[in-house]
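Next, two complexes with chain A in common: one pairs it with chain B, the other with chain C.
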Partner chain A sequence: MGLVKAKIRKTKTGSGASDDMVGLSAALQAADPAERRSAARRLGSTTGCEAALLDRLAFEHEASVREMLVLSLMQLGTQDAVRGLAEHLRSEDASLRNAVVEALEAMPDAVAPNIELLLADHDPDVRIFACNLLVGLAHPDVPKWLSHVLENDSHVNVCAAAVDALTEIGRPDCVPALRACARRFPEEPFLSFAIDVAIARAAEQ
Partner chain B sequence: MSALASEGQGAEGPPHPLSDEELAKFSEFFYRKTGIRLDERKRYYMERRIVERIRRTGCRSFFEYFTTLKLNGAAGELEALINEMTVNETYFWRENYQFECMTRSMLDEIARRKRPGEPIRIWSIPCSTGEEPYTIAIHILEYWARADSYDIEIFASDIDSNVLKRARDGTYDERSLSRLPPQLRARYFKLVSERRWQVINELRSSIAFGSVNLSDPLETARYRQIDLIFCRNLLIYFDDVSRRLAAENMFEAMSPGGFICLGHSESMSRITNLFRPRQFAEALVYQKPAPSRGA
Partner chain C sequence: MTNALPTPSAAEAGARRFTWPGTRVLVVDDAITIRLFCRQILEKAGFEVIEAINGLEGLEQLLQGTIDLIVVDVNMQKMDGYEMLREVRRQPVLSAIPAVMMSTKSKPEDVDKAYAAGANYYLFKPIRPEPFLACVRLLTATVQ
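So, the complex of A and B:
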């Protein structure tokens, strides 16, 4: 018959010079995407290599390598990794921003200490992406953070992002902040409409 | 490994309760070793099984057991613990439409990419007690007309060493075999005791069984140039990071153009963008992109 018994290869362990951090960091710049991907994968279990991974992430355009860079930073899960990833929320590259949002969503404990800083960023786009990120962040303080945005942020589009988020995950105790936001922007009919929807959803919870 | 352990197995008598801190430490350790997240909702059976392992190892406290477990020399205990924490329930011909997709669509496409003499490699992970890899083998032999024209290698892996022993032995009861057409039972099994059937030697010896943790890149590095992976109902037990890591490890293990079949409630698109969905007449599967022809 066509079935033949396969042989399972022996696992290679540390493979010499290229396994050190310097060698692997250099390999992140290799011309071959497979080599860059392999280096990124190995650096995911190497403490202290966040900067090398983040530097490459800024320039990497090969999707499979980018995914590996992001995953390695998620594996490291350090504050350096989180802050470095969050910096890419400023990127003009929408796919990189989305990858960063998805990665940060999956690291709630590590991300939580950075949320207030992100929501206070000088760039309203970063604050909007931070609100987007909160929708998928499994953390008990999410409604509190979003309510704070509604009560304090001066930019209508940031508040709109927070309203969108609370439409998904709002609770009855968010309703006062939603009403306060409506009062702060009386000239924005689209926001009033969105707030009415969010309040109705929150009341259903 | 197809699910976490069910109730009713393990400890004799009521468990000694463990503190929140002890359970949190244990959960973190187990997660790092397996990629499986044991949260508060699974507290009851987690506690029962830890207490059972403490009793069987003769340790006098959780602290003593946990310290033993963390030592490198306690690899055997880690294996016993993983076996205790997982259950393995499956049967022949489960979610059969994917096997039909394999023999009617995927294998022909895989074969078109093969050079003469190059094997076709299929990986069943988690293979549990062997029903899935044997189903794959029987389907190919019965329903893929070109089976004799290729060397076909089937790898079967699980993190649980106990189920691997049972898979190698290949002996099943009526429940496991209930969906298998009777003529195939007659062809590929022999009756070994009352209502117990064993896979024939020729088939058992053709499958390469091995222990693998899918979220560990060192362990998965032993598997390369895989053309088709069946990874069904495993990723749902991983957290986001482990799930992505498992997907990356499968990506590394696969040949360009290779396929992955997931469980019916799972979606690779929610885990990573590395693979492309492929809708065949029989099933939706996921494919590792292949370089375009002429590139």
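So, the complex of A and C:
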């Protein structure tokens, strides 16, 4: 029964839901954090409210409200929610960025269609965070994505992030890509060292 | 990519080539390869290395024992490098420990932010062994 109720709430699309959404979106701006948190929680079971949650996430500094905003976006799990969360990888706020990485890691199927875009982003910091995200992403294409970075990305620190990710997850099938990366950056002692470590770890698997 | 501050000259580094026995360096970075790389360079030069994977763990290590130098990354989960250094500078028992911040971030505002948080030196990643070691030697010689 509880599940049925939850399903009904999640698919609520009539005028009542619309009224709710307007009221709850307004409540996201309330002065009282408890009110904002409650609104964020309730919006997590109402379709079509990603923009309201994401807009508030950009400004919310209260940790408990921020956590609820992220959880609600995870609960919605739509492509709009994923893309909106991923935009916050550009944030200068480390705690927000970290919350976003953790959230995206927890929704591998929804995140997967966006990984190639993130790994092609013009900002190397976003590409680095995307590599960090892949460490914890339970998806079969992770080795393929990391290999692509190793073979193609022109930024040494992005490649270093991919090497570190592979050191953590240990994938023997990525050794050729690791060797290719070493050949592309022969003048970087750190990368050579890191690749040796990653290959040794892969051999242990 | 060049470092934010002039790299210590070979003469400066050479003048301080002696490493005090038992000089302890705390390396804080969530990247295992960076921690291993720093460890290899520092241990070869005679330093003792302690590792932490984020700022929170770094602070715990600092409060547990004598650390002569902190080498800390910027982007880490749980507590980032800026926050860790601000906390170090707030605590009287830790505030005098010198700190090298290292990061992939290379904009002037990133460097300013590091110094404002309490860094004594800023290194751009990927770090290179010679400037890294020269910097560590200079800062640990200062505190001896």
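Quick note on the criterion: the second predicted complex is superposed on the first by the 186 of 205 C-alpha atoms of A that agree within 3 Å, B and C clash if a C-alpha of one lies under 4 Å from a C-alpha of the other, contacts with A are read in each partner's own complex, and residues count from 1 in each chain.
Here is the rule we use: a contact is a pair of C-beta atoms (placed from the backbone, for glycine too) under 8 Å apart; a residue touches a chain by one contact, two chains touch by 3 or more.
All figures in this text were calculated on a predicted structure; none of them were measured in a lab.
Asker: I'd like to know which partner A:D164 touches here: chain B for first, chain C for second, both or neither.
Answerer: The second partner, chain C, only.
Asker: For A:M74, decide between first (touching chain B), second (touching chain C), both and neither.
Answerer: After superposing on A, A:M74 lies in contact with chain B but is clear of chain C.
Asker: Looking at A:A94, would you say it contacts chain B, chain C, both, or neither? Reply first, second, both or neither.
Answerer: second
Asker: Once the structures are superposed on A, label A:A63 by its partner contacts, choosing first (chain B), second (chain C), both or neither.
Answerer: First partner only.
Asker: Which of the two partners, first being chain B and second being chain C, lies in contact with A:P124: first, second, both, or neither?
Answerer: Once the two structures are laid over each other on A, A:P124 reaches chain C alone.
Asker: Per the contact definition, I'd like the list of chain A residues that touch chain B in the complex.
Answerer: 1-13, 41, 63-64, 67-68, 71, 74-75, 77, 105-107
Asker: Using the touch definition from the top, list the residues of chain C that touch chain A in their complex.
Answerer: Counting only chain C, the residues touching chain A are 31-34, 36-37, 40, 75-78, 80, 82-83, 104-105, 125-129.
Asker: Quick check: in the complex, which residue numbers of chain A touch chain C?
Answerer: Spelled out, the residues of chain A in touch with chain C are 94-95, 97-98, 101-102, 124-125, 128-129, 156-157, 160-161, 163-164, 167-168, 188-191, 193-194, 197-198.
Asker: Which of the residues in chain B end up touching chain A in this complex?
Answerer: The contact residues of chain B facing chain A are 119, 121, 137, 140-141, 147-155, 202-203, 205-208, 210, 217-219, 221-224, 239-241, 244-245, 248, 251-252, 272-274.
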